[in-house]
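Multiple structures follow.
Each of the next two complexes has chain A plus one more chain, namely chain B in the first and chain C in the second.
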Partner chain A sequence: MSSDMKFDQGLTLPEILSGNDLKIMLLPEKVRYSLRIKPSDIAAVNKASGLKLPRKIGGSNLGKDQFVMCLGPDEWFVVANVDARDRLEKIFAKLEKSFTLSITDVSHRNICFGLMGADAVKAVNIGCPLDLSLEHFPVGKVTRTVFESAPIILTRTGEDNFGIECWRSFAPYIRGFFERYATDKAAA
Partner chain B sequence: MGEYRKSGKGRVDHSEAVRFSFDGKSYEGLRGDTVASALMANGVHLLGRSFKYHRPRGAVGVGFEEPNALVTVRRGKGRMTPNLRATALEIYNGMEVTSQNRWPNLNFDIGAFNNTFSAFFPAGFYNKTFMWPKSFWDKVYEPFIRNMAGLGPAPTEPDPDVYASTYAHCDVLIVGAGPAGLAAAIAASKKDQRVVLVDENTELGGSLLGATGATIDGKPSEAWLAKTIKDLDKAQNVTVMTRTSAIGFYHDNFVALSERLTDHVPSLKPGQSREKLHRMRAGRVILAQGAIERPLVFNGNDRPGVMLASAAQTYINRYGVGVGKNIACFTAHDSAYQAVFDLADSNIRVAAIVDARKELAADILAQAQSRGIDVITNAVISKTGGKNRIKSIEVYSPDTGTKRQVNCDALLMSGGWTPSLHLWSHSKGSIKWDAATKVYLPDQANENCVCIGACNGDFGIKTALNAGSKAAGGRKSYKVEEADFGQGQIFDQLPNYIAPQKTKAFVDFQNDVTDKDIKLAVREGFKSIEHVKRYTTNGMATDQGKTSNLNALEIASKALGKDAPQVGLTTFRPPYTPTTFGAICGYRTDDLFEVTRKTPIDPWAESQGAVFEPVGIWRRAWYFPKPGEDMHAAVARECKATRDSLGIFDASTLGKIEVVGPDAAKFMNIMYTNPWSKLGVGACRYGLMLREDGYIYDDGVVGRLAEDRFHVTTTTGGAPRVYRHMEDYLQTEFPELEVWLTSTTEQWSVIALNGPNARKLIEPFVEGIDLSPESFPHMAVREGKICGVPTRLFRVSFSGELGFEVNVPAHFGKYVWETLFEAGQKYDITPYGTETMHVLRAEKGFIIVGQDTDGTVTPHDAGMSWIVSKKKKDFVGKRSLQRSDLVAEGRKHLIGLLTDDPNVVLEEGAQIVTDPNQPIPMDMLGHVTSSYWSEALGRSIAMALVRDGFNRMDEELYIPMPGGVNHKAKVVKPMFYDPKGERLNVL
Partner chain C sequence: MFLIHCPHCQEDRPEIEFAYAGEAHIVRPGPEQQDAMSDAEWSEFMFIRDNVRGEHCERWWHANGCNMFFNAVRNTVSDKFIKTYKIGHKRPSASQIQKWKDAANG
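Presenting the complex of A and B:
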């Protein structure tokens, strides 16, 4: 169902900007789950599920087809490719039987912008007030933050690779900043 | 080349002429000139008229501190900027500059009659005079005063320019690139840290640009500067930003930097940003803002050609412009001598130096004498001559009473130096009074911040360089040969033989405040400088008193007979210099000014010509007008179509929270007034939420999907606060509960289908759910598929009709909507907006939280006691419901109103009384909360909060309206349509 006409993330152009030093893309369909687990259960959950949930808030684990982030003391966020859905849901069903936890499908709540290139830090910083130097925001770090007035989850998967997860209705607003930035870059 | 230009001198490019116009006349300047320097090179000193008295004025300064020389630059349609300082404005070919605050022209200005009658315009004149009649203020006095006492005209067209903004971080931010800032940057660059050096000028150097002749580490200062700039350019970890003003210093070393990108170039590329706001978070801030020279306050000190000595020095050394051919100087500080010497050494005649001090250092005197300069000590200037340019000064020696006229075409003045504390004060750094030099100096820092160089009271190049190096962790000791910066004396008052009422000695040039105004303020009882400032407007102009604050303080403290610290210092507030709104907004203009959230179905509504309304930060379809329909007609049609057959409504904005965990029902029992334990899986219930104070906070339908999983809905606007409210209680009051909350508002697109044909429409598309009324009754929820995508299908109704709310994953929302809309054609499916939704629910008497409630309405007030559990031990707000004032008689109750005239639709918000003929102020019983035309009933309906409303059934009340109309209405139960709810059960 993923690639047919029914699916609509609300942004018409997948590619906002494509240059040597900066590419900004709307990522294709993903599945997303919010996991709420008692911190005391983490080791057991990891053992039972093989999910590799990071223990540190702001930590993440990037696998072949899934990205697991720790957003809070008892909160994890899993983003995965669509074909991982069945595998993950089987794991979750198993976990729900053995543990007291909460798993909520939020696949369609968010969209994700991918930013790549030497200029990616600058592009994120036009709206995000965090210090993105590698010392303060190393590769692998994730956090809830803001992009101007929009709440986002910011992820760094490489020195020049960022993801901005936001709720669907905030996407055009964030995209608008990238467009203004692109015009600026072209004119400068 | 202008006749006042010194060939080959200065940092301007003598090989590149630049043509611009001032008041329509063409002038030639050089690349690197400012408007002021280029005009002075052409002998033009008259640049504007003053604010209040319209007196002719020229440049007093040479940079951003300038109070006088404000001009307007026009760059084509919509690109008109008033109140720019000619002294800080770079020229470019084709630039159009005009003077301000004069009519019909700069040389002859009618408003100058204010000057003649200035004795009638003392401080507080407007406040005292235009008191009566009061009604004249808005229409007569204020427009007149604004017109006469204006600065440049405000732009009337939208600004076509675009602006940029960003966040940035550094370890060390250095503000000001004079010797102190440069030395700090060099020292900082040698460590592994990110360094940013900003300066508002076009080039780095600060005071080194204006004063030549010193050597630093054996090199002439110009060569040292050139090498330093090159070194900083090479340093990978240093970012140098010129044309960048640090406009505000906020908490935690957050500094706003406004960068001017294009104002100095003739034309912009399309899409190019004019200015950029850098929101900089710095680990450490080094302020090297320098000091501003103080004018002397003497009779006639505002004539064009009278300027600060350091300004004249900069005009000759940086721009190669002599400010006159025969200059004089009036000083109370040694530093002015060096300025005069620099001019003298450029073959400018010096008529005299008048020094207010009795004694003068011998070596300075010797240097003056060696140049043949006449120095008159223990003397003052008692008046100046000339109309639009100074022609002469009268030198008065108070001890002997002698007077002497000296001719000159420019007058340099120096009353000492004022360290710039602006940003330091923004950061809430404390200041201390230095009695010796009579200035305020930085004291205790409030942030990780330090002041160095002249802004810390440390004058001289060597002092500044060494302080800069030390502040950035360096240990360099610079070898400097320079003229001694010297010392000065501060005078609160200069003696004059002329009676005070016949003199005009300006303190604040831009706001035309004289020493007499300040003394008058003190005489009239103002004791704090903050009050003196507001009464006289001293320091309140666009220059924020950069040249006037300390002089005003001296005069006020002397008049009060108190020390300056007891009189205070006015507060510095951001921005440091006038800043465009464009820069403050950055990218956040037009559609980016605020977030507008749109649903997945919004593009469809837009394509159908929907009219939208904002709800919170969402935009929602309000109604769908057909050609020729107004709102009333469209809503009436939408209501009728829904009740007759089928309406479709986008309810995606409803807040949704997934409440999951073994204690989910327990948690729901706490958060809502009604019970949840016995709600079966697959059933729905309406829930009402209170705040701790017992007032209605939110409501919504909740479905139980599993023993441990609830799908909670909230109002559109309430979603974020309800989520926070729940988290707050969960984390702080009931952390022992095993339950978690996840916002799913945007996971689900919600399509509400209402009307007798709702079931028939969805039947063919639904898989895995038995839609028959027996197995899927009203107030139930099922999971299955619709149009091939997963759904949580609710059978609920906010209209009183058979209703379904189709929840589908958001990215499928538009597809499902379009599919159902297509199939609904055979039922004349009608899309409706929020207005029709409101009418339909009002006909049923369902409340809208925030419209029929206002934060002071209890469930009982709203007629909803039925939803408050009497058995539950606790829920949020329960205890408050027992408070005496919440159970008291005479509270306002939500009731229905039917107007006597069925065609009258009351105004929402209108007040309600028993007797419209009672005297004003009337006893107001309450107000109309909801009011609509009901197409189904063929008449108007309304809901209202009315004192003791439940006991007024069938009573007739009045709603007085402007114009003497009194609407009569009868109190009824707020249930206007299908009171038995039979329409829900249509098969």
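Presenting the complex of A and C:
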């Protein structure tokens, strides 16, 4: 596959809400990989790949062009810029030779909404029941959870900066939810 | 909000992320054992559960979280979780459960 391919994200509107205290948008297309690795192999995999996979569930490492996160004891998720695809696939091909693991390209499966601004915590909490105080959900924490009952991966890349990563099939539903929220916010 | 402590995530998480997965500590017979079992024994294994009124050891699944199964002691009358623990730990004894309850009540 060439790295200039465009993914059909299933949505077109990039910007859903743009205000001083809250911006919600569909983030640009990314490549995504789901990794299942034996926890006992993780140090060796990190050494061989340079991926910096975090060990702790909920941990993440945000790099220049890639974002790696630990979702479960043996499950990692890699989100990267489209032009990092060739580099990553080379790394994965190498890993597959030396380790028993599973690496699945799920680029087409997910999309990500970005929420930015002072009201971002409030907006996330409307659909997600997690405690988002910095004490319990610090910057850099990620987790699989639910948003309005839809399965998502929630990421916090800044105090007022969240990502809601969901399956493409749930995207129109979540976008619709944010659109209604934007309408209500404008009316209030 | 109803919170459940996930022993893998090591934090309290909202109940909506979890799914109940039946009674815990039921050993599945191996293939040879299954061949030797009568229909009555098989149906006993498949369908018959203790249906405890009170403290019950049961499996839970952190489906919208770390995706791991774990075990819990939950009171089926009060719906209160006494303890959650990783699969592989032995079924807690009555005195162990009492100790956990005492610790929770300070």
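In the analysis below, the second predicted complex is superposed on the first by the 181 of 188 C-alpha atoms of A that agree within 3 Å, B and C clash if a C-alpha of one lies under 4 Å from a C-alpha of the other, contacts with A are read in each partner's own complex, and residues count from 1 in each chain.
FYI, a residue touches a chain if its C-beta (ideal position, glycine included) is under 8 Å from a C-beta of that chain, and two chains touch if they have at least 3 such contacts.
Just so it is clear, the model here is predicted, and its values are computed rather than measured.
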First (chain B), second (chain C), both or neither touched by A:Asn46: neither
Touching partner for A:Pro73 - first (chain B), second (chain C), both, neither: second
Which superposed partner A:Ser107 touches (first chain B, second chain C, both, neither): first
Partner chain in contact with A:Ala186 - chain B first, chain C second, else both or neither: first
Touched partner set for A:Val146, first chain B, second chain C, both or neither: second
Which superposed partner A:Ser169 touches (first chain B, second chain C, both, neither): first
Chain B versus chain C as contact partner of A:Ile57, first or second or both or neither: second
First (chain B), second (chain C), both or neither touched by A:Pro129: both
Partner with the higher number of touched chain A residues, chain C or chain B: B
Where chain A meets both chain C and chain B, residue numbers: 129-130, 136, 149
Touching residues (chain side chain A, partner chain C) in the complex: 57-58, 71-73, 75, 129-130, 136, 143-146, 149, 151
Partner chain B, residues of chain A touching it in the complex: 1, 5-10, 29, 34, 36, 38, 74, 100-110, 122, 125-133, 136, 148-150, 167-170, 172-173, 176-177, 180-181, 183-184, 186-188
Chain B residues within the chain A interface of the complex: 162, 164-169, 194, 269-273, 279, 281, 587-588, 591-592, 594-600, 603, 618, 658, 660-662, 738-740, 742-749, 787-789, 809-815
Sites on chain C touched by chain A in the complex: 1, 8-11, 13-14, 16-17, 64-68
